[in-house]
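Labels run A, B, C and D following the written order; every chain starts at residue 1.
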Amino acid sequence: MGIMRIGHVDLNVLNIEESRNYYVNIMGLTVTREDADGTLYLKCWDEWDKYSLILRPSEEATFNRIAYKVRNDSDLDELKIKIENYGISTQFLEAGVVADCGRSLSFKLPSGHDFILYAHKEFIGKDTGDTNPAPWPFEGKGIKAHWIDHALMMCQGPESVMEVTKFFIDVFDFTLTEQVCVGPNGSLQAATWLACSTTPHDIAFVAGPEVGMHHFAFFLDGWNDILRAADVMAMHDVKIDVTPQRHGITRGETIYFFDPSGHRLETFAGLGYLAQPDMPVITWTEDELWRGIFYHTGVENGAFTTAYTLHAYR
Amino acid sequence: MGIMRIGHVDLNVLNIEESRNYYVNIMGLTVTREDADGTLYLKCWDEWDKYSLILRPSEEATFNRIAYKVRNDSDLDELKIKIENYGISTQFLEAGVVADCGRSLSFKLPSGHDFILYAHKEFIGKDTGDTNPAPWPFEGKGIKAHWIDHALMMCQGPESVMEVTKFFIDVFDFTLTEQVCVGPNGSLQAATWLACSTTPHDIAFVAGPEVGMHHFAFFLDGWNDILRAADVMAMHDVKIDVTPQRHGITRGETIYFFDPSGHRLETFAGLGYLAQPDMPVITWTEDELWRGIFYHTGVENGAFTTAYTLHAYR
Amino acid sequence: MGIMRIGHVDLNVLNIEESRNYYVNIMGLTVTREDADGTLYLKCWDEWDKYSLILRPSEEATFNRIAYKVRNDSDLDELKIKIENYGISTQFLEAGVVADCGRSLSFKLPSGHDFILYAHKEFIGKDTGDTNPAPWPFEGKGIKAHWIDHALMMCQGPESVMEVTKFFIDVFDFTLTEQVCVGPNGSLQAATWLACSTTPHDIAFVAGPEVGMHHFAFFLDGWNDILRAADVMAMHDVKIDVTPQRHGITRGETIYFFDPSGHRLETFAGLGYLAQPDMPVITWTEDELWRGIFYHTGVENGAFTTAYTLHAYR
Amino acid sequence: MGIMRIGHVDLNVLNIEESRNYYVNIMGLTVTREDADGTLYLKCWDEWDKYSLILRPSEEATFNRIAYKVRNDSDLDELKIKIENYGISTQFLEAGVVADCGRSLSFKLPSGHDFILYAHKEFIGKDTGDTNPAPWPFEGKGIKAHWIDHALMMCQGPESVMEVTKFFIDVFDFTLTEQVCVGPNGSLQAATWLACSTTPHDIAFVAGPEVGMHHFAFFLDGWNDILRAADVMAMHDVKIDVTPQRHGITRGETIYFFDPSGHRLETFAGLGYLAQPDMPVITWTEDELWRGIFYHTGVENGAFTTAYTLHAYR
């Protein structure tokens, strides 16, 4: 019952053909639907639903909304009640309003982000099939990203992080896996990591100057895929913000880089640890904040705090 | 609500001191409790509960029972009703009967295996702590196993596999991730893999001649840890049954080997894929069964079908 | 001065088109020359000379000869004298007799293997070029083998191994890096590994029932490429003899497998160690012989002693 | 005949006990000799000669000299003639002047660096022995560096780089593997990489403001050891200048970091490619210079051009 995973990220991009080439040939996704207005829908080889990424041609590179998939259609009704009891108004969208999806529940997170829940999306299947499958697709392209793993949403200040974190725990039954605590006695959550799966995070929140998306991440198996991915990026002149790193937080292995519109992306590798509701929450103190982000140096690196994607319609 | 993960495996071993040395110095576990009768309780560095392995001095190397942890104590009451409605009698054991645990629910699986559910076990914490933790313990020993990941239980024939699989789906809400289908029209499940986490399996069942445990597995991060683990085993003359392999099933990277009593163990590495209730079940056909087990050769290897651990008190 | 490296392996194969497909699409080589009689010449992406493998259509899968490249043409004259002083007759072949090569020196090793030395072969260049090169070719196919690394020649008995080993040390100035010593007081070399580069071996010899080639090896970077290679083999139903292993000897990471004609091949990964003339020779004793070959189990595995390639014209 | 490899690096350090702790417990070396003045001599586990690093207590963190080992004592006589014919004066030091070494030949490189050649150093053997050895030492500490692999020497301007490069090719028969060419028509070598082994480099030179040592490097097997090494550094608060990277030049996998005195070190991993005298020289053009150094971003990173070690007695 409840939320299973990230369903899709919905973005505006500056040059749709450049974006298509980038996500298909470098990241390894497949275009599974194109609309008359030029909107592209893409999926990764290891995903079975029709798409996990929507790219809309635009004059601004902004974030529209993020969608998560729930297990049963009836969960939407239950969640509607819980969300509204929390004091947030919601709206049911008819089947098809979100492309190839059943009815969906639309609302704003306490942090101000547009959010969608849905239970059904058209099924396509993994590229490797479901009978005697190969462990990876021999014909895959570029980085061969497995799936969209998580997103880090930027909130206006720690209070907003704390509020949306409480919302995900209380209303969506997510588990808080890690937190950065700052301020007097570490009483403010400057960033939080939350899981509905048993991986270290399915969504995360960080305090910043504006409402937006810091990045979303593609999953890779491990550290060697990170090297190969960085090599592929270099071969294609992808702008890399932070080269291969260990995260202290989540233990993940990572690269931060940008798509042609300037959206920050991540390749995130490794299971990290088995997240569980009874796992003690991991806390990073203010003085070790950057050790948490970039474990090896423990210092700020790249444009982590300055380059992100603004929310559209702000 | 419901089962979170494997809690512990309870085994009889032939030589308790040889076993202690093996699990501590080669596998990297820590002894956290010893009883007057010589029984040892051990935990892995990445686990937070007091133990995940019980080794009892014995004259036979057999399997006693396996325990899974549920999220809330009240889940035990709900599960008791569901299990008994299924036609299986259960028994509540008082707190402390299972060492350092709260009350626990004891019963026999439809396959005949002794099974325990509990909600509370004494908390110790990960070896790396929960404040600004290192990604792994610098002082760790040997293979530095992360945690006990899953067990493969042997059942008497496909019918027993099918019955216990149905039980885990219907009563415990596990997800069937993969199956080997044999017989007329592939109508018999010769083996099944089931998840309550979002990893490929938390328990699995295979048809065989007797009721017992085929193996249980320690988690490692990835393929390089598999090489290092096999090197460490060789340095300590550990009997390896199957050298580093890719599983087709689960995509895991693996070694099969034996403890000093002859219990089959596995080091299982990699996330594999993100298991989800709506992921299409992966089916391995009879002709590709061994491709599923040992992906590279697709043929039987080692003593997979002949070396396993019998159930005690049979 | 002297021998630099393995130049090419010259084999007879049963089905030339099946072989072409295999070496091009699975191993990742490129055909750089085809003769009217169907003979194929192939190179790996990381080699700069025109070819390193000759495949001749035949009704038998046999070994013709192996060639090594010397640094200067004048080395051939010096080596001719040294070889003949050793009591072996030699013959200069005119430029072009060995395809696309300058004059070459032909003779039989003391072990009975046909052997060629040459100083010039037509230059093509690495697939990645020599100006601002990428670390690997993005468009490469299949396993993307780097280069042919070494060959293991089978000799009739330890005496033949010892004689040809002495020849390589005395005449070619190779360094003996490792040896398997058997018999009374370990007085017989059952196998030897010899280097002219600073890698653990450029050629090796093993005692067996007949004169032939046990295998030749393609170089891969490391253990992760070994997993990927084994996955690619499985996807193409390549017959694998020995799945991913650690060699004790050379420390190399390896797979043994067969080409469509039944020639044994190896993917060998890792530097192992820096071979040097003053490095103490590593000795494997008779009781640890198989630990040397297959480090993890220390026991014989696959068809190592029974499947190899016979010398043609024997 | 001729130079085999780097023999040792001779440095002044600020705090000898802090240095001992660093090189022993973090880098994994062993102290094999201590002099009354506090000078420490250390070796890596995979080296067989007595030491490869000399650390002298000092009030400045400077470079004294670097030594290379030749194959035969008589090579020293031949090289003395060649060096002096080149116009450089040399001096034979008696056995024992360089600790635990036979007679050695001392001179200044054309670049101004103090340089030593020797043929004999006391033998200790690898930590894993030479009979049935394990592939790595189970009891090793920290990063478990294999051996000192190479040094990058800083020269005053491209002319000095070009002169010393010519010297290494003409007098020492090194092979030029890669070069950075700048200036009009790329006519100036701003940096060169040279090999006497068949690895990509045994010494390298780079133009800079002063005569000194840019860094010396410890060898590790591959990319996974790089991650582990960076983790170990972070656990011990080692100052990392450049986190895990791919070099375009040499294809090596690397970390740049500092010892407690501020000497720049590198962990360099991977074979890269098989260096050979007939391999075409790889050229990096001025516009792709930083792609050569840091392949993934292609831009300057860290203190590469500003932090290095000055030559003592300058």
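The rule is simple: contacts are C-beta pairs under 8 Å (C-beta built on N, C-alpha and C of every residue); 3 or more make two chains touch, one makes a residue touch a chain.
Heads up on the chains, UniProt names are A, B, C, D = Catechol 2,3-dioxygenase.
Quick caveat: nothing in here was measured; it's all calculated off a predicted structure.
Peer 1: By the contact definition above, name the pair with the higher C-beta contact count: B-C or C-D.
Peer 2: Most contacts of the two pairs: C-D.
Peer 1: If more than half of the interface residue numbers appear on both sides, call it same; otherwise different. Which is it for chain A (Catechol 2,3-dioxygenase) and chain D (Catechol 2,3-dioxygenase)?
Peer 2: Shared-number fraction above one half, so same.
Peer 1: Could you work out how far the Cα centre of chain A (Catechol 2,3-dioxygenase) sits from that of chain C (Catechol 2,3-dioxygenase), in whole Å?
Peer 2: One centre to the other, that is 48 Å.
Peer 1: Averaged over CA atoms, how far is the centre of chain B (Catechol 2,3-dioxygenase) from the centre of chain C (Catechol 2,3-dioxygenase)? Could you give it in whole Å?
Peer 2: The computed centroid separation for chain B (Catechol 2,3-dioxygenase) versus chain C (Catechol 2,3-dioxygenase) comes out at 44 Å.
Peer 1: Can you work out the whole-Å distance between the CA centroids of chain C (Catechol 2,3-dioxygenase) and chain D (Catechol 2,3-dioxygenase)?
Peer 2: A distance of 31 Å separates the two centres.
Peer 1: Can you pull out the residues of chain C (Catechol 2,3-dioxygenase) that are in contact with at least two other chains?
Peer 2: 135, 223-224, 231, 234, 246, 291, 295
Peer 1: Which of the residues in chain A (Catechol 2,3-dioxygenase) come into contact with chain D (Catechol 2,3-dioxygenase) in the complex?
Peer 2: 223-224, 227, 230-231, 233-234, 240, 243-246, 253, 291, 294-298, 301
Peer 1: Note which residues of chain A (Catechol 2,3-dioxygenase) are touching chain C (Catechol 2,3-dioxygenase) in the complex, please.
Peer 2: Within the complex, chain A (Catechol 2,3-dioxygenase) contacts chain C (Catechol 2,3-dioxygenase) at residues 134-136, 138, 224, 231-232, 234-235.
Peer 1: Chain A (Catechol 2,3-dioxygenase) touches which residues of chain B (Catechol 2,3-dioxygenase) in the complex?
Peer 2: Residue list for chain B (Catechol 2,3-dioxygenase) touching chain A (Catechol 2,3-dioxygenase): 1, 4-5, 46, 48, 69, 71, 123, 125-126, 130-133, 135, 146-147, 197-199, 219, 221-224, 246, 248, 251, 270-271, 273-274, 276-285, 288, 291-292, 295.
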